[in-house]
Amino acid sequence: MRILFANPNTTTAVTDRIAAVARGAASPGTEVVAVTAPYGVPYIATRAEAVIGGRVALELLAEHSPGCDAAVIAAFADPGIGGARELFPIPVIGMAEAAMLTACMLGRRFSIVTFATAMEPWYRECVDYNGLGGRLASIRCVPGGFRDINSVAEEKSDELVAACCAAVEQDQADVVILGGAPLAGLASVVAERVPVPLVDGVAAAMRQAEVLAALRPRKATAGTFRTPDAKPVTGVPAALERLFTRR
Amino acid sequence: MRILFANPNTTTAVTDRIAAVARGAASPGTEVVAVTAPYGVPYIATRAEAVIGGRVALELLAEHSPGCDAAVIAAFADPGIGGARELFPIPVIGMAEAAMLTACMLGRRFSIVTFATAMEPWYRECVDYNGLGGRLASIRCVPGGFRDINSVAEEKSDELVAACCAAVEQDQADVVILGGAPLAGLASVVAERVPVPLVDGVAAAMRQAEVLAALRPRKATAGTFRTPDAKPVTGVPAALERLFTRR
Amino acid sequence: MRILFANPNTTTAVTDRIAAVARGAASPGTEVVAVTAPYGVPYIATRAEAVIGGRVALELLAEHSPGCDAAVIAAFADPGIGGARELFPIPVIGMAEAAMLTACMLGRRFSIVTFATAMEPWYRECVDYNGLGGRLASIRCVPGGFRDINSVAEEKSDELVAACCAAVEQDQADVVILGGAPLAGLASVVAERVPVPLVDGVAAAMRQAEVLAALRPRKATAGTFRTPDAKPVTGVPAALERLFTRR
Amino acid sequence: MRILFANPNTTTAVTDRIAAVARGAASPGTEVVAVTAPYGVPYIATRAEAVIGGRVALELLAEHSPGCDAAVIAAFADPGIGGARELFPIPVIGMAEAAMLTACMLGRRFSIVTFATAMEPWYRECVDYNGLGGRLASIRCVPGGFRDINSVAEEKSDELVAACCAAVEQDQADVVILGGAPLAGLASVVAERVPVPLVDGVAAAMRQAEVLAALRPRKATAGTFRTPDAKPVTGVPAALERLFTRR
Amino acid sequence: MRILFANPNTTTAVTDRIAAVARGAASPGTEVVAVTAPYGVPYIATRAEAVIGGRVALELLAEHSPGCDAAVIAAFADPGIGGARELFPIPVIGMAEAAMLTACMLGRRFSIVTFATAMEPWYRECVDYNGLGGRLASIRCVPGGFRDINSVAEEKSDELVAACCAAVEQDQADVVILGGAPLAGLASVVAERVPVPLVDGVAAAMRQAEVLAALRPRKATAGTFRTPDAKPVTGVPAALERLFTRR
Amino acid sequence: MRILFANPNTTTAVTDRIAAVARGAASPGTEVVAVTAPYGVPYIATRAEAVIGGRVALELLAEHSPGCDAAVIAAFADPGIGGARELFPIPVIGMAEAAMLTACMLGRRFSIVTFATAMEPWYRECVDYNGLGGRLASIRCVPGGFRDINSVAEEKSDELVAACCAAVEQDQADVVILGGAPLAGLASVVAERVPVPLVDGVAAAMRQAEVLAALRPRKATAGTFRTPDAKPVTGVPAALERLFTRR
């Protein structure tokens, strides 16, 4: 089984981190392919940046998904997920949706904890888009800047643990998601410091992608995720253009 | 990895069916343990029957879960799931919740199709309990009686396929769940006759149980699924009594 | 008119308390029959305990409801209510639903105040089950242990009054329900110490049971609360078995 | 016990009908006072007419509620109910809210059936105002005109029964409310022709008013239904003016 | 273009204030007609007072709307708006709805800030009536009395600005509405002291009334805002009576 | 006043149509600037195409908004609106949100009618994104292909009018929006053939953009639409890059 992780951010170190955590979480025999955005921002934090990221996610999937059994949009909040699910014949999931749906099996209400306040509105829109507002306890963001996106998990681990505990004690969370690809791997390190289950977005996405690949769902030919009708498109890379034009 | 399927119905032939489909869907190396209710009804179809089934589900889990890595309440609508999630140290999931959350990654709105009209109210309460009403397209039940609960999937397959197609065309479902343990295995047989992905409840539960077991979430010591305080209880089997009394 | 109060807990002193408050709230000529669970827990506080309580509630109703005009499941959060409403030909109501619906006629938003933090999740699921989340201001639980379930109302009365006042001042409650059968009778004692109407669960259930008995609604033969089809069942007391098997 | 029924319509024959049904539904010893709007429309059917009716309801209550233990705004959809609940020291309930909350104890979803299509929007706003949209199956109105508002119940009984049955079969109603004061009394006559419980708005309001009067809730001095601060007002009858000015 | 502002309060100084702010916000060539309630209360603050205000709003519109292209009910929370929209052939909007819908184009969640705590419940019901609860961040009311309704904006400006800032910082508002006609004009004065856009209710209503007048929507002859059927009415001024009777 | 209409589709004839209708709806003195996507699809109909359109909308706004007082994303469903509202100092609105919010002032429930079934899912997500699901009666799409995107309004006018009438009669719409830029101008032509108000998306957006420009809201420096922090970005045109990098 071969799973694509498409990082719509430009930071290859984060892609490496994603790949390492995904491989650690994968079943025996699963191969992980992890790719990085060729352009865009170092890490998406706002709605505006997500607009750029959604487009680049489609490009990455168009180029790298052939030969894969399922794909993950590896930025928490899942830029471009709806469009990707229409366009591609294999299952495509978002890291946030995978984490949230997994969390729903571990508790009644989940919180999302992350490392930058700028992300809160985009994350909240993602929760609403998934119709899971009734399951959300809170989104908690650690305030203040950080030195390096690739080591923010370690740099902020104490503040992140404190935010997780506050989510449990003050917001009545039954389970906490550590959101944001740069936090991949932290959940297993700090699990004993938080009194409820923690969900690692990358690990959850890895496993959920395997679930979907294993179930081998057919591509819809009806419903709202059927393959769109062919349409001419300009200004996009050839691999993506072929998907739109069906040629 | 060892996964328990607890069938809160008394029909062993349905348990056998569950076990066979679960084993077919499992990853290499996963062991399936499937057990049948020692008392109750042949198959749960109403809220009243689910009250009996919830209690027997706890008994089955108490007796058979030691040594397992995760457990599935193997009746669609998940009798006793909330209580089980409190009581047991391993992850416990319901067949309906596993199917619905899996379906959410395959489309925007899902329908549930089943073989008896009596089940609709109980299923609907289960959807609402999971906070997924906004993702539900419809619940469609094939009317009329059937000869044998263990072959109803084959007996009614044409009507069930027709109901799936109607869910897509008339109710705007993007994905359809075949609900009810007696329908286990049908989804893969009829997949090509329905124009959207089909979700098999047992296969989805099998795979989701593996996900949770692999993520090894800690047992909550806070939040609403922390282990309940010890309390004396009478009139229940010893294995269940020990869980309540913590002795 | 004869009203059954079925206490699904095993503490007879609480049943006595329920009976006394119910009789005090009843119309002239109404007879109160109050019965206690033959097995289970001293008082239900969690989802897991409610699974046991739902089953015993059905047993109590099966044995004692003949000859009664309406019945009350006399534990706040109403274990087994849906199943009971299906099975029995007379109206069956839950203490929580009776209290909440009564509260809705006294204000826009109600709070529920009770004596143990363990109860919060179970109560909240009950509010949601009734579709009344939009009318809920808060659930407030007095923290800490107590000496005796039968005198917790008196022991904790100051803390309970403080919680009621906090619900009004901080949570914008227009009316407060004192939840939990062990608190029966407290509302009338402390009414002047809380600046909004208080609802006593037992008194409300008593009066609402009279309302339904007086309206003499027919037993549904259609809709989701029609009598379930006959079905064989094993492992339950004879009175309950007869209801399932319709013999 | 003395219960006021304030009919905010000008048709005294309908008031007589209300009074007769209320008396038939009342407990022994309960006195019914029924009064008619001195001005306004023969029967309220639209939002615009309800604006007039809300004002006249306050006037009727101001003049006639002294000496009563509870009051009912006796037009389905409850014009002026929020303001009345603020102003008056006794419990005030609306006929629609009493019927809907009673229906909630008899089934999961209720339909409202009435005799004129003009009423649908106003009724729907009333359901929404009560936060009970999730419990509503449908509102069904019998189309076409009628000869006489006071005998419309008899004139249209076949169509009304057919609408009730359609609500059960097509809209999945568990219980049906016959809405509109002119339909008072019809439910008991046609009960056997509809396969689910029927709720008579006037009978339900009669009994619920007794419940509230019996519970003797204190008048709120906090929360959103506390007595409003005194304020000068002009252009209203003296009895109502005194309530606003607190003199 | 001629726009009517109907102030359902009796304070002519507030009407003057409304007229001045409306004229300042109007497009060149728009004429503003502002009229004051001939009876009622100095300023509506509660549900009970809104019942009086709704009736007087219809009277004002009946008398003064002929010759106007659109009308505004110039009290925040929009007493009588539903009825007015039925009765009149020109567009009628409420000050609160105009402000809220305008705010929705400036941010995701809006707060409403006003000068008296009594108004909170009535405002909240207005938000719910408009189905905009999901867009509401908070309603914040400045506590304490004030000297003069016509200068409360100036008297309380510091507290109002502080409440606006608290709504942004503590309630996550993206935009703040200054609610209540007596606050008309304040938004432009204090705009630089609040870090998000402020919406002035009167200015927004002025502009939105122009929008509707310019679009020249036809009067509905179907749907729930079609002109009601003619009906006799008594006890209302002649201009309003003619609208009900269609003579 | 100068208003930018950014058409994220590549069909210049549709841009011309938008410009003509916008100019017809504008106030005297308002200047309309209408620009066309330099790349992408002829008309956006699916989520995948909207991902491309969202990015090109930001590019168009970055290049053309300087000197404008407000901007409109001139494709129904508003690709990129959230990001645009963050990035730009002037008000930016979507054609769909402008139409829906305008419709809310003309009735309780609105329908959206358009010319291609492919658009339904994308439109529905837009309604949900705006939190207006409770105000939506239906989305109706005329089935079947069409000859030319620029004359589809005329080609399909009879079917579109029939869909509008069906929305009123079968879906209880009080007002109907003609969605999709290619339908601009149709509403005024067919207004008399539909029994409720029609809203033209372009005309509504034109007028609402004027409202916002006239209110001169400050750019937020707090809340979720504050200008994002500067961030490096690659692979986007210089004008857009400058907005992200704040240089």
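Letters A, B, C, D, E and F mark the chains as written, and numbering starts fresh at 1 in each.
One rule holds for everything that comes next: a residue touches a chain if its C-beta (ideal position, glycine included) is under 8 Å from a C-beta of that chain, and two chains touch if they have at least 3 such contacts.
For clarity, every value in this text was computed on a predicted model and none was experimentally measured.
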item	value
Angle of rotation relating chain C to chain E [CA atoms, steps of 5 degrees]	120
Equivalent interface positions on chain C and chain D, same or different at half	same
Winner on C-beta contact pairs when B-C is weighed against E-F	E-F
Gap in Å, rounded to a whole number, between the CA centres of chain F and chain B	44
Distance between chain centroids, defined by C-alpha means - chain D, chain E (Å)	29
Chain C residues counted as touching two or more neighbouring chains	85, 108, 121, 224
Complex interface listing, chain A residues touching chain B	25, 27-29, 85, 91, 93, 97-98, 101-102, 104-109, 130-132, 134-135, 168-169, 172-175, 191-192, 195-200, 203-204, 207-208, 210-212, 214-215, 217-218, 220-226
Residues of chain C defined as touching chain B within the complex	10, 38-42, 45-52, 54-56, 58, 80, 82-87, 118, 120-121, 125, 128-129, 224, 228-229, 231-236, 244
